[in-house]
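Letters A, B and C name the chains as they come in the text, with residue numbers starting at 1 for each one.
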Amino acid sequence: MKRLALAAALVVLATLPFWAGGTFYINIGSQILLYAVFALGINILVGYAGLVTLGHAGLLGIAAYTAARLLNGGHGHTAAVLAALALTLAAAALFATLALRGSGSGIGFVMITLAIGQIVWGVAYRWISITNGDNGISVSARPSPLGLSLTAPAHFYWAILVVFLAALGSIAMLVASPFGASLRGTRDQPRRMAALGYHVWMIRFLAFLLSGLWSGVAGLLFLYYNQFVSPQAVALTASAEALLMVIAGGSGTLLGPVVGAGLVVVMKNVASAYIERWNFVLGAIFVAIVVFMPEGLVPGAARLWRRATARPAAPAVVAAAPAPGEGPAQ
Amino acid sequence: MSLWLVLAVNSVTLGGLLFLLSAGFSLIFGLMRIPNLTHGSFFMLGGYFAASLIEWGLGFWPAAMVSGLLVAALGGLVERLILRRLAGAELAQVLVTLGLSFMIADVCLKVWTGDPVRIATPPALQGVTSVGSFAFPTYRIAISLVAVAFAVALWALLDRTRLGAMIRAGVDDPDMARVAGIRVSRLFTIVFCLGAWLAGFAGVIGGPILSVYPGLDQEMLPLALVVVILGGSGSLLGSLVGSFIVGFLYNFGQAMFPELAYVVLFLPMLIVLVVRPQGLFGRPAV
Amino acid sequence: MSLTLSRRSFLAGSTILAAGTAGLPTRARAQSKPVRIGLLTVKTGPLAAGGIQMEQGTLRFFKDRNYMLAGRKVELVVADTGGNPAGTKTKTQELIERENVDMIFGPLAAFELLAITDYTAQAKVPVLSLAAAEDMTQRRPNPYFIRASATSSQNMHPLADYAAKELKFKTVITIADDFAFGHEQMAGFQRVFEDAGGRVVKKLWPPLTTPDYTPYLAQISGADALVQGFAGSNPLKFMKQYRDQGLKLPVLGGGPACDDALLKSYGDEAVGVISCSAYTGDLDTPSNKRLIDGMVRDYGNIPGLYSAGLYINGQVAEAALEKTGGKTDDREAFNRALRAVSLTDTPRGPFSFDHFGNVVGNFYIRRCERKGDKLVNTTIKTYPKVSQFWTYDEKWFLAQPVYSRDYPPLKG
């Protein structure tokens, strides 16, 4: 059942340029996937490591700005991409070391990542000789991997789809791996894990690096999609929106961040054409989700689905335990 | 040397305003463990309410008090209807306050439009006060005095009243406080309302200097955050000292290192978080 | 009852029809498809004040014309960019790809414009914007871009001329928001002021979001005047704090610094400020009167740069449409018509465009005064036919480095 659903979803995604109804909607699809990659990366920390971050837009920005500067300096795409990712990883290592200090988790972690994010934003905004400040940096060309041009929206969409599937696949594998299990362990029972001999700090550090790597990839996608980067991409609101994508969709699930990304992108870009007070509606939706479906849309919807399709309870008189396979599906 | 003197005096006055803004934030953060991201919105809303009240004929100080009450009422509603449902889930509470700040900002834009709204300096405090050859804006000096008055009042509240004792107990150890019979959830509501009142009041006090405009909430919130992180959450003394430190950092940093304006503010916050996470005067984290 | 059409009545009817339609002007028969105009503006967030005024000015114009330009119906699509470049890009794509607009009014901010200029040029969609980024009509020109307002420095050149020659100031201190718009304004002022024998002794750059200007105010002394280039709601904050600090230097300002639309939010701190703007409320032209009356009636406020600017954009579009007979399918021809527009009766007075698509027109020096219980900007001098290059040779101007934070450099 699940395999069928996944295959169907894949077909739907792959054929989107044909049924989406115009280049505008194809571009919306590209945006959803690009932010989904960002959200998936953040989810490694937020969902699976239990560490909430409000500074990851800084890592996205580091990748985007590095690539933008190198491209405009005459370097090729390969050099720009590799340099951007390398620099982002280095930055992630630094940020992780700072953020994991002391108690290493909880509100302290949020505050430190927020402070780091603000510093990156401050630099992007004021160090004009490097970042061009408020005016941002434009890049004129998209890469042509294997000689295929990515200028057309549909082609670029497929390229992003490939990257998105790679992200989803590798994160799925991570979650299912022993490392993923130990990561969840450090989220749920850090002291027990430490007592069992796991190096909690190192596990969290590696998780931060991985999430930073995917944030860097998202930064490159962002740069190539918009062909432009500016300090707004690194602001607190950017990190906050990404966090909301993860939480709204369902942290700790694989598809939650994707759904959350879809929700935010659609609200900001499509709904804003029809609803004048869309900012208010966006805030209200998040408040509603956090209050009524705190686990997020994906698990919340699954919960409602289970309730709707659950069999009626057996009469109280009969005390027999439900046979295996019956009862609410897990 | 007059440059440094002006900066020094202004650091004190800015610190005063920041204290009014962050005292509430610190109490909420210390007692309820929530960084209340709606605090900037409360500040802005207080300013807007007062501007309208003043337009309808109310005086400056009564408008400040009433605006505070209106914002406190809103805070009370938020706490009882939303935050209480999420008791214990701190992350969810943080996110809710973030979502609420979007909503409040948009409502303000709709009601008061995008144009900046000015609040006139109270007539008695207009002009400058001369001390020797130096002149300082009288109103700013007044802000420092108001801040000190409130600092004393809050200290008296926390140190000399039963309510204050309960709050301190709750900040130190909520579970023990419950065991001792303190109704912590009602305390939460009271503290949240108090914090909101202070923020709204501060928004009015700051109005003659800053005026009120969309985006004010996002400008003030990071400052409150830095103050409370530096000073330590839940500590009044921490807020006071933190406010003045930030006031000094802001003034001297902007004048001496304009390129690194934001770094100067956030780097100390980062250092404190890494080296001494509980801030200068806060309790070590449980 | 049968409906038979006798041959005679048929012939008679067709003759009358043919005679009737033959006499109608060609325009009305030509295109019954409406002309679609997209407005990119900011209705949420910190830039909303200007964005909302842009929309008001646009609506005011189309209401004045009953949504008909050159015999064609007008359909206006308003898009809220949210004030950020990524949002602007998406909304622009929406306007061009989904709404199939024939031209775009706006966007508001320079960084929004820079994010979309390559895209709109590729799509050959004319953009009529107020965004002041200089290079859009200088070193990196977009051939489909028209700017009827001003470049960042275009109004500062005459202001500097006035300051040096008529006010006889010898030294000034400049202060502006630390981003491109602020840099370009102050650089423009500095070049003309120093060429006229004056000197800029200090340049201050507070960040765009500065709650408290005291650290900067404390450094303002030792010059004849202060030149400020704040935008948005910052002029209000700054002037208040400036006066509160007891500073007495005369203040010169750019266009947004003492914009007519801000006057209702200002208090006495604005009295005496001398500013130079492309638009002034006391200009006596019929269209300006109509604009002001309409704005006051509909929105309760007098127009400023933003609303007047969009009203004028409407006039430019109208004039171009009349030139092409209402046609917009030939993008090149329509664009050429836009650039060839030259008008006299507009809220900003007479103007035309240079070959980069930037306006050449009047700039007004005004002083802010109190008349009764209102603040007004009174025009004290008009500089006619000011181009973006002032009196400099265009080639020479373009060969210099672009105006920036550090260019021209401080002397001594």
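Criterion: contacts are C-beta pairs under 8 Å (C-beta built on N, C-alpha and C of every residue); 3 or more make two chains touch, one makes a residue touch a chain.
No experiment lies behind these values; they were computed from the predicted model shown.
Visitor: Report which interface contains more C-beta contacts, comparing A-C against B-C.
Guide: Looking at contacts between chains, B-C has the larger number.
Visitor: Could you work out which chain's C-alpha centre is the most distant one from the centre of chain A?
Guide: So the chain farthest away from chain A turns out to be C.
Visitor: Express in whole angstrom the distance between the two chain centres, defined as the mean CA positions of chain A and chain B.
Guide: One centre to the other, that is 33 Å.
Visitor: Distance between chain B and chain C based on Cα centroids, please, to the nearest Å.
Guide: That gives a centre separation of 39 Å.
Visitor: Can you list every residue of chain A that touches 2 or more other chains, as numbers and ranges?
Guide: 125-126, 279
Visitor: Scan chain C for residues touching two or more other chains and write them down.
Guide: 44-45, 178, 207
Visitor: Quick check: what residues of chain B touch more than one other chain, meaning two or more?
Guide: Counting only residues that touch two or more other chains, chain B contributes 106, 218, 261-262.
Visitor: Which of the residues in chain A come into contact with chain B in the complex?
Guide: 52, 98, 101-103, 106-108, 110-112, 114-116, 118-119, 121-123, 125-127, 236-237, 240, 243-244, 247, 277, 279-280, 282-287, 290-291, 294
Visitor: Under the stated contact criterion, what part of chain B meets chain A in this complex?
Guide: Going by the criterion above, the answer is residues 33, 35, 82, 85-86, 89-92, 94-96, 98-103, 105-107, 110, 218, 222, 225, 229, 259-263, 266-267, 269-270, 273-275, 277, 285.
Visitor: For a test of understanding, state which residues of chain C touch chain B in their complex under the given definition.
Guide: Counting only chain C, the residues touching chain B are 44-52, 178, 204-207, 209-212, 214-219, 233, 236-237, 240-241, 244-246, 261-262, 264-267, 301.
Visitor: Touching residues of chain B toward chain C in the complex: what are they?
Guide: Checking each residue of chain B against chain C gives 2-3, 6-7, 10, 14, 106, 109, 113-118, 120-121, 128, 135, 137, 139-140, 208-211, 213-215, 218-220, 223, 250-255, 258, 261-262.
Visitor: Tell me, which parts of chain A touch chain C in their complex?
Guide: 22-25, 27-28, 31, 125-126, 128, 133-136, 138, 140, 222, 226-228, 230, 232-233, 268-269, 272-273, 276, 278-279
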